[in-house]
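So that we are looking at the same thing, I have put the structure below in C-alpha cells.
Letters are used for the chains, namely A, B, C and D, taken in the order the chains are written, and counting of residues starts over at 1 for each.
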Amino acid sequence: MDRHIPIRLGMVGGGIGAMIGEVHRIAARLDNSFDLIAGALSSTPEKAEESAAKIGIAPERTYSDFTEMARAEAARTDGIEAVSICTPNHLHFPAAKAFLEQGIHVICDKPMTSTLEQALELGEIARKADALFVLTHNYSAYPQLRLARELVQSGALGPIRLVQVEYAQDWLAEPTESKQADWRTDPARAGAGGSIGDIGTHAFQLARFVSGQRPAQIAADLTSFVPGRRVDDNAHVMMRYASGAKGTLWCSQVAPGTENGLKLRIYGEKAGIEWSHETPETLWFTALGEPARKLRRGGPEGTMIGSRVPAGHPEGYLEGFATLYGEAADAIRAYQAGQAIETLLPGIKDGIEGLRFIDACLRSNAKDAAWVELMP
Amino acid sequence: MDRHIPIRLGMVGGGIGAMIGEVHRIAARLDNSFDLIAGALSSTPEKAEESAAKIGIAPERTYSDFTEMARAEAARTDGIEAVSICTPNHLHFPAAKAFLEQGIHVICDKPMTSTLEQALELGEIARKADALFVLTHNYSAYPQLRLARELVQSGALGPIRLVQVEYAQDWLAEPTESKQADWRTDPARAGAGGSIGDIGTHAFQLARFVSGQRPAQIAADLTSFVPGRRVDDNAHVMMRYASGAKGTLWCSQVAPGTENGLKLRIYGEKAGIEWSHETPETLWFTALGEPARKLRRGGPEGTMIGSRVPAGHPEGYLEGFATLYGEAADAIRAYQAGQAIETLLPGIKDGIEGLRFIDACLRSNAKDAAWVELMP
Amino acid sequence: MDRHIPIRLGMVGGGIGAMIGEVHRIAARLDNSFDLIAGALSSTPEKAEESAAKIGIAPERTYSDFTEMARAEAARTDGIEAVSICTPNHLHFPAAKAFLEQGIHVICDKPMTSTLEQALELGEIARKADALFVLTHNYSAYPQLRLARELVQSGALGPIRLVQVEYAQDWLAEPTESKQADWRTDPARAGAGGSIGDIGTHAFQLARFVSGQRPAQIAADLTSFVPGRRVDDNAHVMMRYASGAKGTLWCSQVAPGTENGLKLRIYGEKAGIEWSHETPETLWFTALGEPARKLRRGGPEGTMIGSRVPAGHPEGYLEGFATLYGEAADAIRAYQAGQAIETLLPGIKDGIEGLRFIDACLRSNAKDAAWVELMP
Amino acid sequence: MDRHIPIRLGMVGGGIGAMIGEVHRIAARLDNSFDLIAGALSSTPEKAEESAAKIGIAPERTYSDFTEMARAEAARTDGIEAVSICTPNHLHFPAAKAFLEQGIHVICDKPMTSTLEQALELGEIARKADALFVLTHNYSAYPQLRLARELVQSGALGPIRLVQVEYAQDWLAEPTESKQADWRTDPARAGAGGSIGDIGTHAFQLARFVSGQRPAQIAADLTSFVPGRRVDDNAHVMMRYASGAKGTLWCSQVAPGTENGLKLRIYGEKAGIEWSHETPETLWFTALGEPARKLRRGGPEGTMIGSRVPAGHPEGYLEGFATLYGEAADAIRAYQAGQAIETLLPGIKDGIEGLRFIDACLRSNAKDAAWVELMP
C-alpha cells in the first residue's frame, strides 16, 4: 500500500508562551511527515490542557507528566511513534530517558543535556534503546550548508587550514526578564554554560558538520558582561583541530546590532567558502586565483537538498504563501460566522485589475507603445 | 468549543510534475489552517488517482473532473469548504465558476483568467455567489511589503512621486520544452500575455498594493526575444498614476543572471523605500536627509505580520527545521522496516560532542584560557 | 630624452565655491600628467585672482576673460597646451570654441553644449581645429565598466537583448538654492534639459559605451515634480536600439535615499552583467546556467586598466593615504611655524605599539598561546 | 603671502618594481601638498637613476645612499623638508635615523622597525630630533573610520565590551616568489613577524585608534601553514583590554577568496558598529533596539573628514577622472608627435550624441512620449 501515512508524534514542552515548541510543530507539519496527537506541553495540568486544546490535541492524549505520557502512549496500539522534546535544557535528560526506554523515538532540542555526565549516560541509554535519537541542530539542514559540506568532502577546498565560526546576538545585552531569557541565564535550568550552551554548541556543531574536522584542543575565554549574570554571555575560543587546521569560535549575546549572526568561513589550500545566516541561500565559493562564485540554493552548482521550491524563490516564499492561506482561513471562518471581513487578501478586484493590465499592455503595444487608459 | 478545527480543503490541478500545487499544499498545511481531503489533481483519471494517493487523499474523494467534484463535494455534509485552483491559466475560469456556483470558497492562482472578458464575468459570478474568492498574489503577504504598505499609508513617505517595479527572470532565455515552460508560452493556455501575465501581473499588483496608487495610463513595449515564441518574454511599461505619480514596470524572462528578481522602489516627497526579493526580510527606508535605515522582519520599527519566528531567524529557518523533521521521519520509517539508516541527522554523538565542548570551555576558562583537550 | 614632463594646463571656471573644478584639478595631478599653470577661474576679476592664488597659479597667468586667456596663452612659448573647461553648461561652447581656434587642446565637462545646434557647430569647429577635444564622461573610465565593455565586445554575452540603465539622486527633491542647484535648474545656463542633461547624458553615454549599441528610437516622459521648477527633475525613457535590443533609461533627482545611483545592467542571449556605482569595483557576470561571478577590479578575469593599486585595495585607498599626507603637510607647516600640533596622525608611539604587539605575539606563541602582558 | 607652496619631499625606496612607493607618490601629489624633488629610490646606482628619471627627479637630486642623501639635502638651502621611507622593513630604522638626525621630517611605512629594540631606540632619536615622525597606518584615515572613532568617543556606543578585528588575505596561500612576497617572508628583512607584522599591526592599530582602548594582555597562536615558510602566515590572537573589554584579532595571508579583508566590529553597552574594507564608505551603526543605520561618507550623520567629493561619489570617482586625464595626456602627446591616436576617450561625437539625446527626449516628451528617432 502506497498511501502516505504521517508518523504519530507527541510533544513534551512547548506550551503557551514558548517559542521553540511552535517551531517544532510547524516543522513537523510542513512536509506532512508527522501528525501531532499527544502532548505534555506543560507540567502544570491546567496549562497543559489549555495548550493542548489550542493546537487540537485530544483531551485523552493530554498529559502533564512526561513519564506517565511515555508509559501510557507506549501501551496504546495507536500510541505515538516519536516524541519532540522542547523543554528547558535541564529536562531534556529525564524526558529523553523516559521515552527512549519505552522504545519511542526522540527528537530533542539542543544542548542535549545540562551536564556532560548526563550526556554520556544518555548515550548509554540510547545505545540500548529500541529507538532513534535525533538532536535538532537545525542549521546543519540549511541547503547551502549541506552543499558546503559536500564541497569540503569532494576535495574542492583542498586540505582545510582554517575554520572561523561565530554566532552573535544582542538580545541579552541588557538584564532582561522574559520567559526566554529567564531560564537561559539560570545555571540550574540551562546548565553551567550560558552563551556557549545556547548558541556556542550550534556554532561548534556546524563547524564540525561542514568541515568534517574535530577540534583536539581549545582555549576558551568566557565572560559575563552583564552585571549579576550567572552564566557567560560571551565566549572567545581558539581551536586546534586534530588535522592541523586552526580556527576561532566566537559566540555572544551582547553584541548590539547582530540578530542571529551565525557565520561560517572555511579556508583550505585550494579554495575558501563563506556563509552567513542573514543570507542563508547564498554560499560563496572562491577557488584560489578565480573570481568568487555565488552559489544559490537550487541554482547551478547548487543543491536541491532540503529545497521545496525552485531556485530564486527565497525560502520565505512558502511562508508568504502560508500567510495568504492563513488569512483565507480567517476570512472563511468569519464569512461562515456572518462576521464582517476585513482583509488584505487579494480577490476578484485584483484579478480584474490584473487582466486590465494585460489587456492595456496589449492595446498599447498594438499602437506602438502609445499611452492607453488602463480602464478604456 | 475552543478547539482548533482546520478548514476542509480540495484542490484542482497540482498533480505529479506540477510545481505550484505543492506550494499551495505546504502553505495550506504550514499553519494548520486547512486539511486537504479532496482533489481533481489531473484531468487524466489514472494520473489523478496516482497523484491523490501520493499525498494521502482518499480514493472516494479523488476526481478527474472538477465540475463533478464541485457538485459531489457540495452534496456531502463533510464536503470541502474551500478549493485551491492550481491549473494552467485557461482553466481558472471554468473551475472557479464551478465551485463558486456551489458555494465553495475559491483560492485561485494568478492571473485570474485568460481574458479580460472572463475576468469581468467571473466578477459577476463572484458577486452573486455565496462564497469568497481569493487570488494568490503571494508577494503581497511578505512581512516587509506589508510594512512598506503601512509606511506609505502612514504618510511617512509623503505624497508618492515615483513607483519603480520590476520582475526579471532568466528561465525562458532559450527555447525550452519543460512542462512549466510549455503552457506558459502557449496563448491558448496562458492567455495572450506571456511575461506580462505570468509575472507582470505580480509586479503590477504589488505596486498597487504597496503604493495604494492606481495607474491611469500606461505605455507598453512588448517583445518576444526568443525566435518562434508566440507570447511576449519581455515588457517595458511606463505608467502614469491617477495621483500624478509616475513609474515604470519592467518584466522579463530572458535576463541571464536574474532569478525571481522582483524589486520595488517607491519614492515620495519625504522619503523612499526599497525592497528586493533576494533579501525579502529587509526593507530599506530613507527619510530625505537622514541615513538609510535597515528595517528587518520582526525587528524594531518592523512588523510581526506573517512572522512565525522571532526577528533574526531568516524565513528559511522553519524550512531547515522541517528538513530535519522530514529526515527524522525517513529514518524512523527505515528503522521500523529494519532497513539500514544513512542520514546526516545530528544524534547522540553530536549531543555528547556539544556537552564536551561546553565542558572543555569551562575547564579552559577556569585555567585562564589555557589549552585543554576536548576529550580529557 | 626620457624624462617625464607634465603637460601645461589651463582651466576655465572652477573658482572658489565650485565643486567640479577641484575634481578636475585633482584628476590632472593624480598621475602627474598635467601641470596647472594658468586659469580664468571666474569672470569676476577679484574672484579669479583670489581663486588662482589659492591654488598656486601665478598672477601673470591669471585671467577673468577666457577669450583673452586663449589668445595670450597661445602667444606664449610656454603657453598652456591644454585647457579644462569646468563652467556651467552655457559657457562650454564659447570657451571650447575660443581655445580650439587657438590650437589649444580642450578637456570639457558635460553636457558638451546647451543646445544641439551648438553641439553640431562645435563639431565643425573641432573638425577644423588643430587640437583635440575630450569630454569628461568620467564613468566610462571606471575599470569595471571598461571590463564590461570588453566582455560585451568579446562576445561573452552573446547578442545583446536588454540595456537597463538608471541614474537616481535625491539632492533636488526639495526646492534648493545652493550654487550647484541654482544654475542646474536654470534653462538659460543649463540648457533645456534638467536631469536629462545633468545626469541622463551620463547614463546614455555609459549605455552606449559599454553595450556598443546605439538607440534608434526613444520615447521619453519627462516630469518636473518640484513645484516651480523650470526643467525636468525626472525622466522615464524607453529605448529601441538599432540592433533590436531594447531597454529603459531612468534618471531622477527627486528619489530620496539614492545618492549617485548609477546602475547598468546588460543582458545578452548568453550572459548578463550588472554594475552599480555604490560598489564600483565589482562587476557581476552571469553566464546562463552558471553561478554569478563577482569580478573585482584587478582580480582574476578582471582588468588593471585604470588601476593604480593591486586588487583588494579599494579605490579609496589612495585617498586615505593622501589624507595622511595632507595631514602630515599640515603638521610640518605647523611645526615650522612653531605652532601647537593637534593631529590624529600615527607616529612614534604607534610604531612602538606595533612592535610591542609583534613582540607580545611572539612571546605568547612561544608559551603555547599563554596570556602575556603587552607591556612586559 | 598667501600662495600655496607644496612641501619639498624626498623618497627612500620605491624604485621600479616596487608597489608602495608609487602609492606614497600619488598620495603626496593628490592634494598638492608635497613636491617630490629628491630620492634614493634604490641602493643600486643605475636603478636609482633610472627610477628617478622616470618620475621626473633631477639627476643632481638622485642618490643611491640614503645617509648621503640626508646629509646632502640638509646642506642645501632648497633641500627637502620631509622624506618618505618606503623600503623593506629592515631599512626603516637606519633610514629614519639618518633623516631625523638631520632635522628632516620623516613619513615612514609600517611596521616602524624590524625589532622592538630598534623601535624604542627610534623613539629616543625622535624625541631628541628637530623633526616630526609620521607612520603611515593609512586605514586610520578612512573617513568612516574617523567617524567610527568619533562615535566611540562621543559615548554613542556606551562603555565598550567587544572589539573584533580581522585582516585576511590570500596572496601567500601558496609558496610564491614575487618581489613583494620575497622580502615579506624573510625574517632578515621583514622582522620576526610575518602576517602579524605586515597586516596584524594594521589591525592592531586600527582597533586601538577607533576604540580608544589599549589591550593589556594577549594570547597568540601563530602558524606557518605553507611548508618551508619562515614566518607566520596566520595568527589568532585573543585580547583583554585594560578597560575590561575583550576581543580577538585574526590576521591571515592564506585565506582563499579574501582580498584585503580588513574588518572592524565594536560593540558597547548601548550600540554596535561594523566596518568592512570592501565597502569602505559605509559604517553601520546600530543602537540597541533600533534599526541599523547605514552611515555613508559625507552623508547625514556622516563626516566630511578626508572627503574630497560630495557624498555619493564613491572614492574611486577621482581615480576614474584621473584616468581620463591620463588618457588625455597620452592622446595629446601622441597628437603632438604626429602619431595615430587610439583611445576610449569620449569626444566631440559623444558630446553631439548627448545633445541628440536631450533633444530627442524633449521632442518625444512634447508629443506625449511618442517614439521619435534619435537622429531626426
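Annotations
FYI, a residue touches a chain if its C-beta (ideal position, glycine included) is under 8 Å from a C-beta of that chain, and two chains touch if they have at least 3 such contacts.
All values reported here derive from a predicted model rather than from experimental measurement.
Minimum number of contact steps separating chain B from chain D: 1.
In this assembly, the chain whose C-alpha centre lies farthest from chain A is C. In whole angstrom, the spacing between the mean C-alpha positions of chain A and chain C is 48. Averaged Cα coordinates give chain A a centre that lies 21 Å from the centre of chain B.
Averaged C-alpha coordinates put the centre of chain B at 44 Å from the centre of chain C.
Residue positions of chain B touching 2 or more other chains: 219, 221, 238, 240, 285, 292, 296, 299, 369-371. Against chain D, the residues of chain A that register as touching in their complex are 161-162, 164, 170, 173-174, 219, 221, 223, 225, 234, 236, 238, 240, 246-248, 250, 252, 254-258, 265, 267-274, 284-288, 292, 368-371.
Of all residues in chain A, those touching chain C in their complex are 219, 238, 285, 289-296, 299-302, 369.
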